[in-house]
Amino acid sequence: MKLLEKLWRALDERYDLQPLVAFAREKSVPCHRHDWMYYFGGLTLFFFLVQVATGVLLLLYYRPTAEAAFESVQFIMTRVPFGWLIRSIHSWSANLMIASAFVHMFTVFFSGAYAKPRELTWWTGVVLLLLALGFGFSGYLLPWNELAFFATRVGTDMVSKVPFVGHWLLKVLRGGEDVTGATLTRFFGIHVAVLPMVTTFLILLHLAFIQRQGIHVPEGEKPVRTRPFFPNFVLREAMVWLVGLALLAALAAFFPWELGKKADPFAPAPAGIKPEWYFLFMFETLKLLPAKVAGIDGEILGLAAFTLGGLFWFLAPLWDKRRARGERNPWALAVGWVVLLYIASFTVLSFLGVFK
Amino acid sequence: MAEQRKVSRKTFVNWLLGTSLGATVVAALYPVFRYVLPPEVAEAPTNRVLAGKLSELPPNSGKIFRFGAKPGILVRTPAGEVRAFSGICTHLNCTVQYRADFQHIWCACHNGHYDLQGKNIQGPPPRPLEAFKVDIVGDDIYVTRGA
Amino acid sequence: MKWIPAASLVVLTLPALAAPPSSVVGAPGKPAQDTCTECHKALDDPRLQGPANLAADDIHHRQGVTCAGCHGGDPTAEDPEQAMDPKKGFVGKIPAQRIPEVCGSCHSDAAFMLRYAPNIPTDQLAQYRTSKHGLALAKGDTRVATCASCHEAHGVLPASDARSPVYPTRIVETCERCHGDKALMANYGLSGQEVAEYKESVHYQALTVKNDLSAPTCNDCHGSHGATPPGVSSVSNVCGNCHLTQREAFDLSPHRDAFAIMEQPACEACHGNHKVLPPQDSWIGVGEGQVCGSCHSAGDKGAEVASALFGALDGTVKRLEAARQRVEQLEARGMLMDDAAVQLEEAHQALVLARSEVHTANRQRVEAQTSQAQQALAKAEGLAKAAEDELRFRHNGLKVSLVVILVAVVALALKIREIESRAQ
């Protein structure tokens, strides 16, 4: 302890840490019956940090070429000490991170935290969710196994449906006309360099905004008690993080992530190719649409609908005038429930195999 | 007395917290430390193995080596040249062997014969043995499988 | 003077055996030019036009043999009467009984064939005369196969050409034209089922599905020109041509002499002749549908041995299957099972050898192989256990970490409570 004190005094002398300490002491988090939702943002951050750590470790052994990628992942899983653990944690944490991000987004939406003055926080948040989905999509291909190869083919095919720039986008994403080793290289670069860079920047912005503005309290819960951020909320958050860690370890050990078979571009697609669960609701919706609606390709209509829907969701701070004034908005709640139920039900039903 | 209990209680909680968090950190970092030290077989099993030594392979002899889970056969022809083939008979997947009396490759299961080019010349095997690339570095014989 | 008819027969046939003159058979390599083809191509009757249309692909025609080379006549004459003049040797449609001689007039002449295709054998006619077909034809039966029946008369292609009716994969259909005709075969005491049975066999599968041209088809066991079913005593030799290991094993068994005495066709007794199916371990025994039961009955020495053989094989097969499943499950759970896979392959190989040894009907020899398989399986099972132990170790390690984390969570909860009670 003495050593820590000495260190603190040395830093304080040089950098005047008092304002920081004062800020930290003042920081507080509201307490109310819905305050459990405040933990999910931090939990998402925790899973992201786990991804960075395990991702860097995987980088020590992974090889991003079509010839060696599968074998290198197999090597990690079978020959590197605890490689099985690192890889399975990386795969599970990806899914948990996205799940946590969705929960965080919905709790924010339902509590109306996107309203003025927190528009930018909402917008950086939505973009962060999209980036997380991008991480998931690009990372999924990296083991270069059969499922991933075909899922990527189908997924990138969707891009070509965008009017005018569709084919150009397809070629940029795939690094060519078809999914090949070039696609793998590109996805690898996106996954370990481009996305981390942009995500880190946006996370810092997102956190900075929150620090500056404080935590939002849902309408109808004022007046509230608060609890200090340091140490109370931090300790509680630490508990949540530890539970997340325990969950990851349990999943990695009891439900290790499969490797499957190496991708063979010339083999026919195996039956029942599906994207990862977080894309399922879109996938099943597109499959339900008729081939042509009033002369327009059903899929293009579907994609347009999703784009418009997403834009609508994104612009919530602008159309929700009531929340901006600090009032409750049952319409916004209804929108939130419809979206949540739609996504949840389609995902669950897809798993149950209802869509055949 | 109550104060003392409170103090010792607080000390206990602090100790428990510190120890358990420390143990968690150790439990998390131990696999990481083990992970970063490379295993003995330092590379992912690609398509290249050290199949044998030249000094241990006299002319007109053969040796079975392993390519991962699959057998390969290393052959030194009577003329002294080193060749390598898949050791899996193309008939019913038995492991072939070198027969010095035939001076070529033979399969014990159903009497299949392959010449020194790996071509099936007699018996039930329908196809030749896949040929591998051989590289000799000093005394070491490296065999590479096609991609 | 009894020899005069015989001598005259020989003398009469001699000209037929002499190679045709060079006026009708051109130099090798240059396609034949004859008026026959030119005129016949312009005819309306398909029976007369057909052969002319096939001339371009016909190997004989391409090598310079004119139509007159077989049919006689003058291939240079424009006038049909001169071209088809019997005085110039014109025969017209060659009667079935004379076909072998006509073909043989070139194909049995080694010196002649040397100019065209030195590597083709010249014994076809001699062989044919020994065959069932040849013998029947000599007695006057014209329903049997002659050269043209299998090789065609016009548009003849080399046997190595995939379009030829005697290309290895097509021989079955060619023989089937007659041998699949039950009514026709009834005249000879044959069932007409043989080809259909062959088509169910492993040999046919190998030939047509696996494209293995070395798989036996009709001519490989029966001979092509000397087509005759192998005699009872020679079945073992015929099968043993390819299946040498099993034949040698059979020769070590008491069955070899016993079958010879009983005049049983060795391999065929258990494996069939045409409908040769993949042999099953379950065939071994004296029960219903089991091959040993044809001669042995329950309780005799043979039945005892059969039961022991089957037991050795079946026990090993079951253990191999179980071990394989166990290893596959471990692989699916992410364990590296290469070493175990190698042991499983060794066990599989010993099992294959054991099945060959079954032909010796010798318990010790078969069990020598199955016990090798069992040893390899024991090793594989050991490796599987080690992998399962490693998985258990991981699960236990996890449980320990979970406990540690749980304690940390509890400690945090206590700390929070302590801080918040202090704040009160």
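List of remarks:
Every chain is named by a letter (A, B and C) in the order it is written, and numbering of its residues begins at 1.
Criterion: a residue touches a chain if its C-beta (ideal position, glycine included) is under 8 Å from a C-beta of that chain, and two chains touch if they have at least 3 such contacts.
Computed from a predicted structure; not experimentally measured.
Taking the mean of each chain's C-alpha atoms, the chain closest to the overall C-alpha centroid is B.
Set side by side, the interfaces A-C and A-B show unequal numbers of C-beta pairs in contact, with more at A-C.
In whole angstrom, the spacing between the mean C-alpha positions of chain B and chain C is 38.
A separation of 61 Å divides the Cα centre of chain A from that of chain C.
Chain A and chain B have Cα centroids separated by 39 Å.
Of all residues in chain B, those touching 2 or more other chains are 24, listed in ascending order.
For chain C, the set of residues that touch two or more other chains comprises 401, 405, 408, 412, 415.
Counting partners per residue, chain A has 79, 85, 242, 245 as the residues that reach two or more other chains.
For chain B in complex with chain A, the residues that touch the partner chain are 24, 28, 31-32, 34-39, 41, 43-46, 147. Taken together, the chain C residues at the contact with chain A in this complex read 332-336, 394-395, 397-398, 401-402, 405-406, 408-409, 412-413, 415-416, 419-420.
Chain B contributes residues 9-10, 13-14, 16-17, 19-21, 23-24, 27, 66, 68-69, 71, 92-95, 108-111, 123-124, 126 to its touches with chain C in the complex. By the touch criterion stated above, chain A contacts chain C in their complex at residues 77-79, 84-85, 227, 231-232, 235-236, 238-239, 242-243, 245-246, 249-250, 252-254, 256, 258-259. Contact residues on chain C toward chain B in their complex (touch as defined above): 206, 210-212, 214, 242-246, 337-339, 341-342, 345-346, 348-349, 352-353, 356, 400-401, 404-405, 407-408, 410-412, 414-415, 418.
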